[in-house]
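Listed below are the structures to be examined.
In what comes next, subunit A is part of two complexes: it sits with subunit B in the first one and with subunit C in the second one.
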Partner chain A sequence: MRARLTTLSMVGPALVLFVVMLVVPVCLSLYLSLTDWDGYSANPAFVGLKNYVSLTHSAEAIRAGWVTLLIAAVGTVLLSVFGLGFALLVNGASRLNAFFRIVLFYPHVLSALVVGFLWSAVLGTSGVVNGWLTSKGAEVLPFLSDPKWALVSLIAVLVWAGFGVNVVLYLAGLQTVSKDLLESARIDGASKRQTFFNVTLPALAPVVTVNLVLSLVTLLKTYDLVVSLTGGGPAGSTQTAAYLILWDSFHNNALGFGSAQSVVLMVITAGLALTVARLRASADRGVQG
Partner chain B sequence: MSALRMPRVASMQFKPFRTKGWGRIAFLVVTSVLMLVPMYLLIISAFKSQQDILQHPFSLSPDQLTTEYLRKAATNPDFNILKGYAVTILFVVSVNLLSVALAGPVSYVIARRSERRYRMLLLLFVAGTFIPSQVLVIPVVYTLKFLGLMGTIPGFVLFETTLTLPFSIFLYAGYIMTIPASLDEAAAVDGAGKHRVFWSIVFPLMKPAVVTMVILNTFSVWNDFVNPQIILGPGSGLYTVTTGVYAAVSQYSTDYTVVFPTLLLAVAPLLVVFVLLQRHVISGLTAGATKG
Partner chain C sequence: MRTLGLLTSVVILVGAAGCGGGFSDDKGAAGDSTGEVRMLVNITPNLTKSYWEGLIKPFEDANPGVDVKIEAPTGSGVKDTLPQLLAAGNAPDVVETLMADKVLAPQMLDLTDQAWTKDTPLVEQASLDGKVYTVGVGQQAQSLVFYNKDAFTKAGISAPPKDLDELTAAMGKLKAAGYLPLQTAGDYVTGLQLLQLSDPSIATKYPDWYQQISSKQAKVGETMLPLLERYQSWIKNGYVDKNALGLKDVGAQTNFLSGKAGMYIMGSWFVRTADDAKPKFDLGVFAAPTEAGQPSPGPQGVTMAAPYMVLKSTKQRDLSIKLVQWLVTDKTAVQSQLAQDGNFRKGYTDNLSPLGKQVQDILDQAPKQVAQGEGYGANTLPQGFNGEWNKAVQSLYTGKSAKDVATRIDSWMGSKS
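Take a look at the complex of A and B:
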């Protein structure tokens, strides 16, 4: 009995806080998504799946969904390629490599909000780069003022700010590659390319999974950078799901509709993350078997 | 395999690769310049006039530099930066203390008990990682209102602490499993209670994992924007560094003599901390990643 109370006193506080601040709100979200609540009225009407049906008709929400998926897909690929590429280049213990690692990683320390403001001051219509181009008599470039350019700029800044993390994770993975295997491959006369594909890459498989899942989950909730870099514009072209959810909930007072979008985003995030993890796991089994 | 190892021969065979290193270094130098240009612009522009920033953004003429704009930004009536630092540091410290106090014991129980319900408990906590916090903040507002904690410091700290729990518990539990259980059994035989065993035997051994989490939590609390913006709100008069920057910069987004000095003041403390601690930051992240 006493032992039980002790265990309870160790588990209880964290569990209570987790349930009150995370489990209950998620359930609340599910419930709110079935109502037409505006955030004020005492008795919101239960509308069933109406919010989900209007979600499939909302051009704005569908576009935000595609923009988010595009950012997540392109971003994840670029982060992984840059991450692994640069990790291979700065692998090895030298002062110069240590310096390069810090330089590649440092933007991650800055808040996404500050990174966005900084780049908007650099790339904006009257920003640093365009000011410089004008003073040289050249034409202004629409980095943030043309819908297509703005989306490309947003992804580029996300990659600039984030790939250092992937570099660090891949470096951690490279430490686990067996030195004996690398050496025997070398002695057996394997080329650099053969060694990479047959020894290094299979050993990195678990880190690849971590990187892909982490990048996907992070990119699917892109918000701060949108606020400070593009403000969702021009003409809504860079609105992400998280941006639209908060906009609908707090500016349009469409809490029910916003909650329905939240539920969809949560399901997609969890679904994609689990799918990637599972695909990678079965691919690894395939390699071993 | 070890019988086949011929280190000397192997290293001699490998030497020719080293001469190819110059291409690699040149490429990395170019990349580093690209990575650092925005930081260079941020620092020098904080000391320049609007006209100078736009016409000669990259050049640095010492006689034209001035600390006037930096001083103006530091005393901006819209955003008291010193108060912003103080509020943010208060949050960072409270969240870290509370997070360790709550996540430590529960991770210990999860790591030491093999029953199914404790494995399910771990799964429940870890599932929290998949929930985007921007999505969570909407219903949390109503939970906090119900508890009378909306717009208050305790409300914000409790929510921000909750966000740290999934990854902390995952990391701590994994780490505790690598600490031999015989250590705590010996202490228990000597009559120490469970809490005592955890805090005085196991906890000191978890230091690397705790340092990692403290570093990660410090960055995420310092840089968080949407949660303080919505939970503390403009009504509370409480600005963190990021919400203060938002208030100060979004109004004057094209007055670069406001934008650059304010941004510099916002990032300077964290950059200094990062440069001093970079070894721990990077190795901490590495440890977190391979365990995760």
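Take a look at the complex of A and C:
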């Protein structure tokens, strides 16, 4: 009994926080997703699965879902590739590398809203790049005014703003690569390319998994950069799921519908994150077996 | 394990109770003659927190023991902050910026029996089922076209256009003279401008447009189709920049005020920006033209400036009403709010700039003042209309036809009924 009380006293505070800050909001969100609620009325009307059915018919929500998945898929790959590339570039202890690491991490320190405003001033129709192009008599490039270009610009800025974390994690991972194995590979005459693919990369596998899951989860929630860079436009072409959830919930006063969207996004995010982690675990078992 | 389950249940119930605690069905307690009144307000570069505090100081001085606490939105604006405060059981006593509609009205105090509301701007137009929930300081004119008089002169345009054919012809002349005829932008600007431009024509052609839309006698897309087709032709002819959607509203204003564009459709709040910028060209404003054959000037789209409501859940009903009455009737307070945000009110013309006087003239000469976009009071479209309309209009730039846009907006309206 005393042992139980001791355990409870130790986990109690964390448990209360966990329930209040995580379980309650999730339960409330689930409940609200089954209601028709404008955010003001005292009693949300229970409508069962109506919001989820509406979701399957909403062209806008479906498009936002695809846009989000595209951003998450392309962004995750690019974040990992650039993160690993830059980590290899600045790996090693020197003052210059320390400086480069700070520079690489710097974009991540900025608020996403600030990043968006910054890049809209660079890429906008009257921005720095187009200002320079027009001064040279060239045509304006539609970075933010054409739906496809705007999506590409959004992904590029997301990667710019986010890869600092990947660099840090890969740098930490590179410290764990066995120096003995690297030395053996060098003595055996392996090229740098062979050493990277056969020694370094396998050793980095757990870090790759962490980076993929982190990037995926972060990108699936993309919101603030959309607000400040593209405003979801042009013509709604860069609306992400998170952006649409906020829009429907607070601009359209459809909190029930917004909650249904957030539940679906939560399930998809959890599913994708678990899938990546399981694939990694299964690959590890294959290597060990 | 059982203990754990019990603990979890208690916490969930406590949390849920906390979340539901904000909704009150009472009629607002009268309260004391002194105490605190919390007011949730819009914060912008013009309407800073210190501005609001300075505004209400004379009221506090005249009412010793009364403390008006100015609260800034915790979300992106008042619209999303109020539901959060209500849900948290922490609703303010007074809210500024929002106007009562069928969603908000049940949470607000009915001010119909307050005699002083009768003399406030647009109070009848904003009433809902004959009841007054919202009172305002002034008016924001919507259907305005600001124009570069120097550019007009260079393009050989002798007078501001009175109908849309003349407007289109003027655009051609401005383009030929080397100007971008009409400045627009992405964000909310694209759709808003077309709504602002359409107000006089729609209100003349369909005097009870909102009622016809609500009763499904008319469709938004169908009634707007001629304007959408005209706008599409402007894009095609280069009268608006095909890359304008890559501009923020501030960028568009800068472009226009730097003299690159001939016209900029915007609400009266732009007067303050234009006056501060002191453009190097002669800046004027004219009422949005009507469709060919309709009398000009047409009905003007207007919205209520600085609207206030008292929440039904207030425990300081009398003080809250007294504060709102002061805010919308005290001459100094009204004058200050009009000047701060480029708003207008009949009889308050002393401090207007030359451009502001032109706007007041347009408002005074308008045969009628009509709601705009999502509207207010009885003239209301479904929540979210402005955003959906904006996206639909922007799709004209991305290759959709006017008919596609009309169908899209009608389909959206159908999904909201």
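In the analysis below, the second predicted complex is superposed on the first by the 274 of 289 C-alpha atoms of A that agree within 3 Å, B and C clash if a C-alpha of one lies under 4 Å from a C-alpha of the other, contacts with A are read in each partner's own complex, and residues count from 1 in each chain.
One rule holds in what follows: a residue touches a chain if its C-beta (ideal position, glycine included) is under 8 Å from a C-beta of that chain, and two chains touch if they have at least 3 such contacts.
Treat the numbers as computed from the prediction; the structure is a model and nothing was measured.
Based on the superposition on subunit A, does the combination of subunit B and subunit C result in a clash or a fit?
In the superposition, subunit B runs into subunit C.
Scan A:145 for contacts with subunit B and subunit C and give back first, second, both or neither.
A:145: touches subunit C, not subunit B.
Scan A:245 for contacts with subunit B and subunit C and give back first, second, both or neither.
A:245: touches subunit B, not subunit C.
Does subunit B (first) or subunit C (second) touch A:257, or do both, or does neither?
neither
Check whether subunit B or subunit C contacts more residues of subunit A in the superposed model.
It is B that touches the greater number of subunit A residues.
Quick check for you: in the superposed arrangement, does A:235 touch first (subunit B), second (subunit C), both or neither?
Second partner only, subunit C.
For subunit A, give the residues common to its interface with subunit B and its interface with subunit C.
15, 20, 23-24, 28, 120, 124, 126, 227, 246, 249-250, 255
Which residues of subunit A touch subunit C in their complex?
Against subunit C, subunit A makes touches at 8, 15-16, 19-20, 23-24, 27-28, 38-42, 120, 123-127, 130, 140, 142-147, 150, 227, 230-237, 246-255.
Enumerate the contact residues on subunit A facing subunit B in the complex.
On the subunit A side, the touching residues are 3, 6-7, 9-11, 13-15, 17-18, 20-26, 28-29, 32, 86, 89-90, 96, 99-107, 109-114, 117-122, 124, 126, 128-129, 131-132, 134-135, 160, 165, 168-169, 171-173, 176, 180, 183-184, 186-187, 207, 210, 217, 220-221, 223-224, 227-228, 242, 245-246, 249-250, 255, 258-259, 262, 265-266, 269-270, 273.
Help me check something: in the complex, which residues belonging to subunit C touch subunit A?
Listed in rising order, the residues are 3-4, 7-8, 11-12, 15-16, 19, 23-25, 75-76, 79-80, 82-83, 86-87, 103-104, 106-107, 186-187, 241-248, 251, 254-255, 383-384, 387, 391-392, 394-395, 397-398, 400.
Over in the complex, which subunit B residues touch subunit A? Could you list them?
Residues 1-2, 4-6, 10, 13-14, 24-25, 27-28, 31-32, 35-36, 38-39, 41-42, 45, 53-58, 101-103, 105-106, 108-109, 113, 121, 124-125, 127-140, 142-143, 147, 158-159, 161-162, 165, 169, 193-195, 198, 219, 222-226, 230, 241-242, 245-246, 249-250, 253-254, 256, 259-260, 263, 266-267, 270-271, 274-275, 278, 281-282, 285-287, 289-290, 292.
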